[in-house]
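Here's a structure for you.
Chain lettering (A, B, C and D) follows the sequence in which the chains are written, and residue indices restart at 1 in each chain.
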Amino acid sequence: MVSMLIPGLPLLAVLVALVVGWRPAMPWAGVAADGAVAVIGFALALHDIHGSVPSGAGGNLRVDSLSAFMVIVIGLVSMLASWGSVRYLRYEVSTERCTPGQAQQYAVLIQLFVTTMLLAVLAANIGILWVAVEATTITTTFLVGHRRTRGALEASWKYIVLCSVGIGIAFLGTVLVYLAATHAGGHSLHALEWTWLSTHAHALNPAVMRLAMGLLVLGYGTKVGLVPMHSWLPDAHSQSPAPVSALMSGVLLSVAFYALLRFKVIAVLCLGETYPRELFVALALLSLGLASLLLLTQRDLKRALAYSSTEHMGLLALGAAAGGPLAISGVLLHILGHGLAKGVLFLASGEMVIADGSSDVDDARGLLARRPALGGAVGLGLAALLGFPPFSLFVSELTMMRGEMANHMAWAVGLSLVALAIAFAGLTTLGRRLLFGSPPGQAPSQRTPLLVMAPLVAGLGLCAAIGVFTWPFDEILRAAAKLVTS
Amino acid sequence: MTGITVWPVGVVVAQVTLFVLGAPFLVGLMRTVRCRLEGRTGPPVRQTWRDLRKLLGKQRTQPEKSSVFFAMAPVVLVATTLVVVAFAPLLSIDTVFSGGSDLFAIVFLLLLGSVSLALAALDTGTAFGGMGSSRLMAIVALAEPALLVAILALAAPVHSSSLPIIVAGSLHHPMWLATPQRILAFGAFVIVILAESGRLPVDNPATHLELTMIHEALMLEYSGPDLAFVVLGESLRLLVLLALLSNLFVPWGIATSLTGLSFVVAVVSLAAKVALLATLVAAGEVMVAKLRLFRVPELLAGAFVLSVLAVLSSLVIA
Amino acid sequence: MRAHGAAAALLALTSGTVLLCAALALWRRAARGIVSALRVQGFALAGTAAVLGVQLHEPLLLVTAGLLVAVKGVAIPLLFGRLVQLDPSSSETDPVVNVPASLVAAVVLTLVAFVATRPIVESVRGVPITLVPFGFATVLIGFFVLVARRKAVSQMVGLLLVDNGIGLVALLLTTGVPLLIELGGTLDVLLVVVVLRVLVTRMHAELGVFDLDSLQELRD
Amino acid sequence: MTTWLAAIALFGLAGALGGTMAPARWRVIVVSAGTGAAAISALVVSIDVLHTGRVVSIATSRLLPFTGVQLHLDPMGALFVAITAAVAVAVSVYIVGYSNHHPMTRSSACAFPIFVTSMLLIPAAWSVTTFLFGWELMAVASLVLVLTDHRRSPDVRSAAIWYAVLTQIGAASIAFALVLLAAKTGGQGFSVMAQHSAAVSPWLRGTVFMLALTGFASKAGVVPLHVWLPKAHAEAPSAVSALMSAAMVNLGIYGIVRVGDTLLGGGPAWWWIAVIVLGVASAIYGSIHAATSTDLKRLLAYSTADNIGLVMIAVGTSGLLTATGHPAYAALALFAGMFHLVNHAVFKGTLFLSAGSVQYATGTRDLDQLGGLFLRMPIASTIFAFGTVAITALPPLCGFVSEWLLLQSLLHGLSSSVTVSVVLMPLCVAALALTGGLTAAAFVKAFGVGFLGIARSLAAADAHEPPRMMNVGAGLLASLCVLFGVVPVVMVGLLNSAVREVQSGAGSTVGSRGEALAIANTRGVFDPTFIALALVTSMLVVLGARQFVSRRHAVRRAPVWGCGRELQTPRMTYTATSFAEPLQRVFDDVLQPSQDLDVSHRGESRYFVESVRFGTRGGDAFERLLYQPVFALVRAVANKARLLQNGSVHRYLAYGLGALVVVLVFAR
């Protein structure tokens, strides 16, 4: 029943927001709830290594090592985002950019969003998963549009239309899986369960599963932000309030990716290695290639971060394509590291928007000279994103690469490295314009408030710590990876 | 270095004494040959010594803003050459100081002299100094490769760059003397020696026209004893180079043991060979005109090609 | 057998209507016309569920049919009705792809649907499964409406066409997904329509437009 | 000894954390102490390993997820650690003085110890992950340090970008190579990889080597991957340039040796021919640029490319001789290469540090603006002079010894009588020789124009001696130049120990007889100590003679000859540009300078010239002809790609529809 508790925690924060209404201290409830989620996820993950799998809600929810790990990811990143939201909401309300009512609405929606994501990773069957993922779209649309600008409106429209279509396609795939399952002897909800599907994968009709897999990859791929269905992502990420972008980029994409990981195992069991791998590699390389090219000329920090998300999702897809325990451990660690680093960067970009009114790099030159602490955090965040040690993205990228190479994907790795080099050039050029040099006017250097810096430092510190220390994630990830390797 | 006998030290002393005394005469000889060929009488052969004696008696002067580099360059120039003179197998190949008679080492020792002179010229802070220095270094930079590669061509057959071993090698295998690589290397050596010692067609030791001169520009600010040391150093270098040339390519006469007779033979034969070479060089200088400065690299590139061909042919024939 | 045959014919009729309505939505220009095509399609979909329910003696399917009528036949068109009234003369005067070309595209997409579903139809046996291409074609045409139509309302309709197509596929292939999922899915669709409606209203209030062309500011 | 190895990391970390936290006043002390302590620990452990030949290793699974850390310091690695450590000690002292006027920023305080520590630990890394972790840490820390003066000029920023991008391309290439090899040998520990690499197909081994070569060559600054080097070395603070040039680039050579010899166990001749060709290109191109540069630090940077090229030639020759069955001569070549690397570290460290003193004292590094520094800052100038003599390979300093050894190894390479060497060795000798001459020209220019003569600007005229600690730091390295030049036998045992690690079974090819160096199987000996003594004695004798003849008169200070003109102005002296002009003319085709001549005439007649403006821009031909076109192409493609993202929701949906149709049609 513990698993029921987890989505309940953010709901408690929702309740607080609904009851208390807007108070400057109200958003802290979300921080607490999300922190608690991370802690419980952590306990569950350590517990799960030793075998038992708790489930609840009539068998519709269930926690294995993988879901527990995803709970940790969601908990940690959403804690950072909620932390950032405290500052965001106080600023918006104090400058009367939004009414207390809207602030309350925001606080409610953001925790509902977290809840839906938790439901998605805890779902025991693919139907619930689908419903939850679709629900994330609904909860986030208004968050994307929260700033009520023309751009925000446009971004929310693109977001909801593209994602709804994509998720619709995923539903079509789910229906096909259900067809295959019922014909293999499964019945009703039971036939949609992960455990049932993976144990009966060999009995599923391959023709149906082939088509289903294609549709699922395309459908959930929309939510993951894989090219060619990625187009909502730069717009939504750049227009949302920073904490929402952090949450979307840091975990929403990964939650959808989690679904793909699970589906891939079933597909491999049913169809063999080749076809799912080709599908993943194709999307991965497309994403990496296009995202890196678009990064090269990007001048807007938030858009650049969005494309970088697409790029990192491409890396994840490539790792998933390889599929061995090594590659999958790398993929999972990368999910966490990317979530933290991206979360930090988006929060920092939010602070830039507050200070300079835009996230355009040319409006915010010489950040390091003007706001050393914030600039330093952005610099470190970029270094993390670019895969420099000690941040965990280094280890995870290397591990994925090793896994891919061990599975004879040298060509794909080579191409991905070319794309990474281009993306590197893009991000460093952008970082150069943003961070270095003297600011246009002789603005004195400013201190950044502790409330702003705290989540940034926490996120970066965590990201570095998990990249250096073996405990605890080594064990957790090995156990989790075992679940999604055939 | 154990067991230094009296004789080897004697060789060193003899080489140093004979060369220091003989070097000004070499310059005098070459000048006389040129004058005669041009139909002039010219000063006597010992004139150089007379000049030196006069200069040594004068007061030393130093440019106002110059430093120790200006003051020390003549000393370094003479000292490096003396080290070469002392330990190279000029008169005898039976030397126990073989650790100091490596051919590559000799090249770098001589280079040290050139470099100190170039630095001294820059130290004066005049346009002439800079000009001379710049031109000298350009020539050195291009002559050095030709020299090193030519040495390699000579060193390859005996697997050693040790000068006594190379000379002994050619003594024991007279056939080697006429091999293509030797002839090619000889050509390269000659060009390099002409360039390094500032003879025609690279530089005219008799000119003082600033647009063309190299060595004169370098030593323009020297006077008195310093000038004497520079002149002595330069003539010593020329002598050493010619002596090395003759020992490398026509080694006969060099002492292989340390008996008195062979030593006398060595002195006489070396003197004869060097005199012959000097006469030839001087005669050649009458025939050619000085090259334009910007054509000098072409000449040196030619030497470089000769030396590379020498190495190649040594390998192909081996 | 006769009854069975009649059921098969009815099924063919209702699912054919679903596809036809999708084509109609592409053909009509006026917003009202497009919305009414959607309404008819909702009823046709409910009809399919009902026929299947009767044929297979599955009472849950009848419940589903009721749900479909309520949501897709009544609720959603009602939500649209309010929108259409905001801009009564709304019509696709200048679509991204003009109507004749759109219809040709629809034919091509239908062919694609037939090609795509061949492996399923061949490898899985069952009478309604042969009708599956209708569902896929509806999905593709709905998608095409999204691509080819400029008005916000048309795009919403396109989204629902896609959804109805998927619903049809689900009914024909598996006689519907488990009820819990069906309920969740329907609720989600309803919410999406509500959200979109709010966005359109906001767009109208703040920008005074219904054209999606004006939403082109965010770009590289 | 494991404690000392661990101490490197701990001291480094302490320096970084302490430096970041400490108040500005104490920052540099903390950083210097931490870094110095790490370097000294490294010196202790590496000398011990070299001396005893006993390997030191540490493995822990508590750090680095999935793999753990494996450290294993063998003599070859220890040699590189020792080099880095020696330079790092000197630099640690130097920065204390440097921070008098340039207070250390917090980011530098954090990056500096990390940079040094990672360089100290890379040669000890014994698994792919450990190695790459250190490698990337080094890259990012050095990048931060290059950016120290980012507010000074856009050049700094652009240098950093070039550095970052090229170093990252290199890192990607290395990572690909190592991971590929790891995958094919079934383990990511170096021991396992070395054990099983023989079973890997030759084609794959070749690929691995070529990729690793590319990556490491880019770190080593080998032409044509060198373009970052003159930029980054010139723009970084001099202490950092010294570390990069004297320690970091060495690790590129380390990587080539490690991958080529240890991991792959040697390879066919063509690998090493590639190494040699790169080395030759690098040596010649680097020395030509050095000879014509007028920016002191650019000159030093190009000279680094040149010297690293020489080391590459030696390493390549060594591999080639092994491949063709001459292990003894192979060991000699490697010995020579390693000795030259040691010496390069020592004299280039000296030179960069004293160049930093010049920049500290005058605020410029443009040789055309300097001059006359010797009289104003004699100690710093003397240190630079030592570096000059050493790098020009003049006796009696260290460059002389290793240059001689390089020539010897090529000489013996010649005698190996294999067809490839017949063609290659003369080329190498030519490169070595040309390089030697051009280096002499370059450094006579650097020292003569920069430090001697008269001041060419106010800044140079106002120069003063830098803080004492700067001179002490640079002087430490200068004294090593003397030590290795005069008593090179001190290095023979250590170098042999390192070379044996790679060229096992070769025995010691360079031995010592007394204090002379002797090469096995040949008759010649070479005695730098003797030469040095002889030189000093000879100089004393000549000096005494001069004092004797001029004992009666004092030295008269007189104005110089100016063709009758009384006043000598700085504008009349030769500048670095004019000094280099003859060589510039010779190597026009390589340098590809762009010149413009602008003559404006007086209104009345074309025969009267109003003014003549002549400008010449050097730049790097590779940058202009190779990199910029490629970058422009990528950028053009990227600009085209932007059209895909034009903001139209219809278009975005069309991508989706297209993808769906593709999936439906092809994924059946």
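In this text, a residue touches a chain if its C-beta (ideal position, glycine included) is under 8 Å from a C-beta of that chain, and two chains touch if they have at least 3 such contacts.
Keep in mind that what you see is a predicted model, and the values were worked out from it rather than measured.
Once subunit D is left out of the assembly, the remaining chains are joined by touching only within these groups: A, C | B.
A comparison of the B-D and C-D interfaces places the larger number of contacting C-beta pairs at B-D. For the pair subunit B and subunit D, the distance between mean C-alpha positions equals 35 Å.
Distance between subunit A and subunit B, defined via averaged C-alpha coordinates, is recorded as 77 Å.
Centre-to-centre, using mean CA coordinates, subunit C is 68 Å away from subunit D.
Inter-chain centre distance (subunit A to subunit C, centres taken as mean C-alpha positions): 31 Å.
Residue positions 157-158, 161, 165, 169, 207, 210-211, 234-235, 294, 297 of subunit A each touch two or more of the other chains.
Touching of two or more other chains is recorded for no residue of subunit B.
Listed for subunit D are residues 642, 645, 647, 649, 653, 656, 660, 664, 668, each touching two or more other chains. Touching pairs of chains, sorted by label, consist of A-C, A-D, B-D, C-D. The touching residues of subunit A, counted against subunit D in their complex, run 157-158, 161-162, 165-166, 169, 207, 210-211, 213-215, 217-218, 222, 228-229, 231-232, 234-235, 275, 279, 290, 293-294, 296-297, 326, 329-330, 333, 366, 368-369, 372, 376, 383, 386-390, 392, 394-395, 398-399, 401-402, 405-406, 410, 413-414, 417, 420-422, 424-425, 428-429, 432, 436-438, 466-471, 473-474, 477.
For subunit B in complex with subunit D, the residues that touch the partner chain are 1, 56-67, 69, 71, 74-76, 78-80, 82-83, 86-87, 97-100, 102, 104-105, 108-109, 111-112, 115, 118-119, 121-131, 133-135, 137-138, 140-149, 152, 155-156, 159-162, 165, 220-221, 224-226, 229, 293-294, 297, 304, 308, 311-312, 314-316, 318. Of all residues in subunit D, those touching subunit C in their complex are 642, 645-650, 653-654, 656-657, 660-661, 664-665, 668. On the side of subunit D, the complex with subunit B involves touching residues 291, 371-372, 374-375, 389, 392-395, 400, 403-404, 407-408, 410-412, 414-415, 417, 422, 425-426, 429-430, 432-434, 436-438, 440-441, 444-445, 447-449, 452-454, 514, 516, 522-527, 530-531, 534-535, 538-539, 541-543, 546, 549-550, 553-562, 568, 572-574, 578-583, 585-586.
By the touch criterion given at the top, residues 61-68, 106-107, 128-129, 132-133, 136-137, 139-140, 147, 150-151, 154, 156-158, 160-161, 164-165, 168-169, 172-173, 175-176, 179-180, 182-183, 188, 634-635, 637-639, 641-642, 644-645, 647, 649, 651-653, 655-656, 658-660, 663-664, 667-668 of subunit D touch subunit A in their complex.
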